[in-house]
Amino acid sequence: MDQINKVLIANRGEIAIRIMRTCRELDIETVAVYSEADRTSLHVRYAHEAYYIGKSPSSESYLNIEKIIDVAKNSGADAIHPGYGFLSENAEFAKRCTEEGITFIGPTPEVIVQMGDKLKAREAMTKAGIPVVPGTKNAIKTEEEALSVIKEIGLPVMIKASAGGGGKGMRLVHEESQVVAAARAARSEAKAAFGDDSVYIEKYINSPHHIEFQILADGHGNAVHLFERECSIQRRHQKMIEETPSPLMTQELRDKMGESAVEAAKAVNYTGAGTIEFLVDNDLNYYFLEMNTRLQVEHPITERVTGIDLVKQQIKIAEGQELEFTQEDLFQKGHSIECRIYAEDPDNNFMPSPGKIYKISEPLGLGVRTDGYVYEGYEIPIYYDSMISKLIVWGKTRDEAINRMRRALYEYKITGVKTSIKFLERIMNNRNFIDGKYDTHFIEKNQEQLALSIPCEDCDDIVIIAAFIDYLDKIDKNRENNKEFAPAQSRWKNTPIINQF
Amino acid sequence: MAIEVKLEDRIAWVNLISQKDNILEVEVDGVVYKVDLMHTADGTFSIIENGHSYNIELVPHKQPKKYTAHTLYKSLEVEIIDAEARYLKNRGSNGFSSNENTISSPMPGKVVKILVNEGDKVKEGEILIIISAMKMESEYSAPKDGIVNKINVKNGDTIEGNQILIELE
Amino acid sequence: MDQINKVLIANRGEIAIRIMRTCRELDIETVAVYSEADRTSLHVRYAHEAYYIGKSPSSESYLNIEKIIDVAKNSGADAIHPGYGFLSENAEFAKRCTEEGITFIGPTPEVIVQMGDKLKAREAMTKAGIPVVPGTKNAIKTEEEALSVIKEIGLPVMIKASAGGGGKGMRLVHEESQVVAAARAARSEAKAAFGDDSVYIEKYINSPHHIEFQILADGHGNAVHLFERECSIQRRHQKMIEETPSPLMTQELRDKMGESAVEAAKAVNYTGAGTIEFLVDNDLNYYFLEMNTRLQVEHPITERVTGIDLVKQQIKIAEGQELEFTQEDLFQKGHSIECRIYAEDPDNNFMPSPGKIYKISEPLGLGVRTDGYVYEGYEIPIYYDSMISKLIVWGKTRDEAINRMRRALYEYKITGVKTSIKFLERIMNNRNFIDGKYDTHFIEKNQEQLALSIPCEDCDDIVIIAAFIDYLDKIDKNRENNKEFAPAQSRWKNTPIINQF
Amino acid sequence: MAIEVKLEDRIAWVNLISQKDNILEVEVDGVVYKVDLMHTADGTFSIIENGHSYNIELVPHKQPKKYTAHTLYKSLEVEIIDAEARYLKNRGSNGFSSNENTISSPMPGKVVKILVNEGDKVKEGEILIIISAMKMESEYSAPKDGIVNKINVKNGDTIEGNQILIELE
C-alpha cells in the first residue's frame, strides 16, 4: 500500500485531536468533520481542513457514512481514521471506504463484523481454545426469551448489546422482575449508540477484574501484545481509572493471557491495533469478554510504559508496513495510570453536567500528560459523551504514580461545570485502591469513604472573606460617589485580556 | 460594613474592619483575620493569611449575590445576605421554594419519552418522563401520588437545565 | 538525618514550582518566599505558605540570606531547596543553613566553595587527572593583567566570572582591543549576578561542543552518573536547546566521560545532584569546564530518559538516605529534547521582551512536558531571568523527538510578549540540526536560514479579513442606531468568563 | 463598506460584500473569499475558507485600529486605514516619525549607567547609556554626531518601553 498523505478523522473531541497530533508529527495533513454543535470545537481548529457534515445529533452527522465518504473524496484524503465510538466499529463504513479506494485505518470489514457481533466473537474464541464467559449463543429477540435463558444459566446475568462496547447498552440483572425493564433500557441505549438493538445474555461473574490486552498486528502475519491494562474501576459500567501493570497480575498470568490475546488476533487474521478484553476472577481464571477492533480510550497508559505511539503504528500498518518490533523488543517500564475526567456530578449519581467551561488549569510538569479538547468559554454539547479530558501519569513505581496522580489532580481545575476531578482525588487517597485491592465493584464497596471531601475549616472562613470582598467591590462600583471601599490592587482591571468582538 | 454570608448551611457574620491597599482586616463570626488579598489576572483570589497561601475562585451565578467558590479542596455554594436579600427572603419570594409538584431535570438534554398524559392519575415513584443527555438516559418519577396537571414539553424536545417539565396537581 | 517535612524554596519562577511539585508528591509541605514584584507569581500561589522577603531587585530579596533564614525558622521549615541561580551556589548560605540546623538541599559549603571558584575547581580536577582547558591559574585583578595573560596563551580567549555559571559574566575576546570592554562587561554582569566580580581567562576552543554529565552522589560514598546532555545550541552563551543522548556521542566516549564525571564528584566528596560540564572538540577530546553544584535548568531531559525524579533524589540524599540504584540500574531510554522559551525577540538580537502575557495555549498530549510559571494576564517582571517556560519532549528515536518538538512548538502559543517559540521551530526544521551536526556556533552559522519564517500567502488575506471584521464590529458598537454590520455569532459575548473584581 | 488594511508593508483594499450569520463574503484586493468566521470563546477567530481551517488571534494595540495578528505560522502587524486614519496620516501626525535625535529603549528596564552629561559632544557610535533588563545589559550608542541636549533619566531609574532617554541636538 502507499504512503498516507492526508487523513480524514471521522470523530470529534479529544480522540480527534489525539490522532491529529500524531498526523502532524508524521507530516500528514488532517481533515476534520464537524456537526452543527461543533463548529468551534477544538478539533475543527486543530485540523488543516474542516468540513460541516450535518446537524448535532450524531445520527445526522458523525454516523452519516455517505456524507463522510463524500468529504474524504472531495478533500482528497487518502485515508480515514475512525477514532473510537461513532463509526469505528461499523463494518459497513470500513467497506464503503475500501470501495471508494480510501484506506480505512483499522481492520477489514470482515473482522469488524465477526468481532463486532459479540456472539460471533464468542464463537470464534471458543474455536481458538480461548475461555469465554458462559451465556447465550444467539441474540435474544424478546423479553420472554430473555426470561427463559435466565432460567437456564441462573441469576445474576448481564444483558449486553450485541454491537456494544464502552459500557453502553449493558444492564446487570439480579432478579427476574428487573428483566423486562433492563432489556428495554439496554435495547434503547444500544439503538441510540450503535444503531442496532439486539442484545444477548451472559452469566455474571462475581468480583470480576476487567483486564484487557493491547495487541498490534500487521498485514504480514506478525502480531504482538503490548501487555495489560487494568480497567476495573468503573461507574455505571463505564471505566473511570485504568492502570498498567495491573496490581492483580503475575508474570505467569501475564504471559498466558498475552499469548491468548495474540492467538485471538491471529485466529481472525486481525490487522491494526485492537484490544482483547478479559474478565479475571479472584482465582485468576480468565474469560474472553470481547474484542474492540479500534483504539481504546485508555490507550495512552500503554503508550507510556512501552514508549510506542499506537496511532503511529495504526497508520504504518494501514500503509502496509511491517511491525518494526517483535514481542521480545517490548517491555513495561514503570507504572502508568489514567483518570478520565467526566463533566458529571459524582455526588449525584454521576449525573452528566453539560454546560459552559469557565476556567481551566491544566496539570503540568514531570510525568504528566493530558489529552483533552475543551477550552475556557467552550460549551460542552449535550449530544455527545461527557468525557472532556484524560489525565495520564507515569511513575517509576505504582506508589510514585499514585502520588503523582494525586498531585496532578490537585493541580487540575475545571470550573463552570461539575467534574469527576475531586472524586478521582478521593480514589487516589483510598486505602483499598492504594493497596491495589479492588474489582469492578470498587466504587459501590467504597462509597462511604469516597463521599467524604477533605475538610478545611480555615478555608471556609477565607472563602467567606473572598465573597464578601467581591460583593463590597460590586456595590462600590454601583455607588461611585459614595466610596466606602477602595478595592485592593488588581492587575486584572487594567488588562486588555479579552479581544472583545 | 457588616453583612451575613451564607456558606452551604452556615450563616456567618462578616465585617470589614480596615483596609490599606491589599491588606485587609476582616472579622468572621468574631474571629479577626488579617489577610493579604489580591485578585490575580487569571481571575482567582490569592489570599495570604498568617503565611498560608489560599487560592479561591469565585464563579458568579446568574442570580446576583450567589457564587460557587472553588478552593483547592472543594467547591462551595456562597450567598451574600444583605438587607435587600433579607427582605426578599422574608417575603418568601427569593425564587426558591421546595416544590413537590413539579418535575424538572437538573441538566440540559433531550426528551426521550413522556410516559403520561395530562389528566392522568399517577402514583409516587411512577416513571413519568425519560431524559437523555450525553448518551445517558435518566428516568424521572412522581414525587407523590397526584394528577398530571400540565406537560410543558413533548417527545424529542431539547430542554434547559432546571426547566419545569411536568406539573402535578 | 531525619525525614524532611517542610521545605522552604529559596527561589521563584518555574524552578520553584518544579520543586514544589515533587514536594507535593512526597507529602512535604512547601514554603514560598517572594519579592514585591512576585506577590501574584505562581510559586506564591502553589505553595502551602508564602512570605514576603523584600523589594523586587534580587539583591534585596532572593539574595537576602538572613531574611530567608528567618522565614525558614519562623515557618518551621526543616530544609531549604535553593533551586538554580540566586543562592544555589552560595557557600555562605549553605553554611548559615547548617548553623541554624536547617538542612540545605545541596552539597556542603566546602564543596560549593571549591567548585564555585572556577579556578579552585580546575585545580582539583587537574589533581584528579581530568583534562581541563588551558588558562589562568588565578583570578585576574586588572585589565592590564588580562592583556598580559592573553599574550601568553594566545587569542581567542574566554573571559569568565570566577563565581559564574549559566552564561552570565562571560565574554569571548578575539582581538586585543576588545579586552578592556569585555572584562568590564563580564565583571559588571558577574557582580550583578553573583555578587563577586572576579574573572579569569581560558583558551577558547574552536567549534566546541558543550556536553555535560548529570551526577548523583549520596553521603555514603555512592556516586553515579545519569549520562550526558548535549547543550551546544546557545545564543549569547546561554543554552537554548538541550538533548540527550548527544548526537555526537559514542558509547565509548560516553563511558569514558561518565567515569570522569563520577571521579570528579568523588574527588571532592560531592553529595547531592550536580553537573560536570565538559567542552568536547571535533576530535572528541574532552576538557573539564566547570561543575555546577545544583540542579540544572535542563535536568528534565535526564529525568525523561532515565525515569529518575532528580528533585526527589536530592531530597532523599539530603535526608541521609542511600541511593536506591547503582550505575548498572541506569539506562537511557529513547531521546529527549528541551527547548527553553524565553520572553525575547529572536529577530532583534534576542532582546528581552518583558511585559504582560495575553494568552497561552500549552502543548499537550503524548510525550510532551512543560515546566513554566506564567499565566494569562501575568506581567513578567523586569528584574529576573527572561526564561518563562521549558518545553520537553520525548521520542523513541531522535527523529521522533524532533517531529514531536515541532508539533509541540506548533501548539505552543504565548502572545502579549515576544518569545523564542517561532525561532525554536525554525531550528527544528534546520537541516544541520536534524542531522545532528552542530556545535556552539550553530546559531551564528545558520542565521540566514533561521531568520526565515514560513511563508503563507493565503494566511495573509485571512488575517486582513479578521482585522477588517473586528474593525467593523467595533465601529458598529459605536453607532448603535445605524447598524450596517451585524456581527457573526459569538459565544464569547454571553460568557461571564471573567470574575470582575 | 470598503477600507484599506495595512499588513506589514502591504496595503490591501477590503470590502464586505455580504453577510449571513457567520458566513461572510469579503473581497481582498479583488479576490473574493467566502469565509465562515467565528469568534471562539477563548478569543481567537476561527475562520474556515474553502475547507481550510485558520486560527487567528488579534491582540489590539493601545493605539486604536492597530493589531498584532498571530497566525499558526507567524506574527504580523496590522493597521486599519479608514478615512480618519488617512486624514491623520496626511497631516503627518500619527505619532510615528523616524527621529534620529533620540535614544530610547524598546523594552522596560533599569538604567545601569549614563556615560554622558548634558552638553557633551558625542560621536556616532559612542556609547551613551547602558540599560539592564532581565539580567542582560544593553548598550545604546549615538545614532550620529551631535550634542547631548537633554537626559531624561538618571542612574538606577526604572524605565518604560519606548521612553525617550536621551535627546541629541
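Some notes on this structure:
In this document, chain identifiers A, B, C and D correspond to the written order of the chains, with residue numbering beginning at 1 in each.
In the analysis below, a residue touches a chain if its C-beta (ideal position, glycine included) is under 8 Å from a C-beta of that chain, and two chains touch if they have at least 3 such contacts.
As the structure is a prediction and not an experimental result, all values here were calculated from the model.
The chain pair A-D and the chain pair C-D differ in C-beta contact count, and the higher one is C-D. Relative to the C-alpha centre of subunit C, the farthest chain centre belongs to B.
Chain centres here are Cα averages; for subunit B and subunit D they lie 47 Å apart.
The geometric centre of subunit C is 31 Å away from that of subunit D, both derived from CA atoms. Averaging C-alpha coordinates per chain places the centre of subunit A 37 Å away from that of subunit C. Residue positions of subunit A touching 2 or more other chains: 40, 356, 358-359, 376-379, 410, 469-470, 490-492, 495, 497-499, 501. Contact with two or more other chains is made by residues 22, 38-43, 45, 52, 57-59 of subunit D. For subunit A in complex with subunit C, the residues that touch the partner chain are 17-18, 21-22, 24-27, 40, 300, 303, 307-309, 333-334, 356, 358-359, 362, 364-372, 376-379, 396, 400, 403-404, 406-407, 410, 469-470, 473, 487, 490-493, 495, 497-501. On the subunit D side of its complex with subunit C, the touching residues are 1, 3, 5, 7, 10, 12, 14, 16, 19, 21-22, 24, 26, 28-29, 31, 33, 35, 37-43, 45, 47, 49, 52, 54, 56-59, 65, 67-76, 78, 80, 82, 106-110, 112, 132-138, 158, 161. Residues of subunit B touching subunit C in their complex: 22, 36, 38-46, 48, 51-53, 55, 57-60. The touching residues of subunit A, when paired with subunit D in their complex, are 31-32, 39-40, 44-51, 75, 356, 375-379, 496-499, 501. Residues 168, 185, 188-189, 192-193, 236, 343, 348, 351-355, 358-359, 382-386, 410, 413, 415-416, 422, 453-454, 456, 458-472, 484-486, 488-492, 495, 497 of subunit A touch subunit B in their complex.
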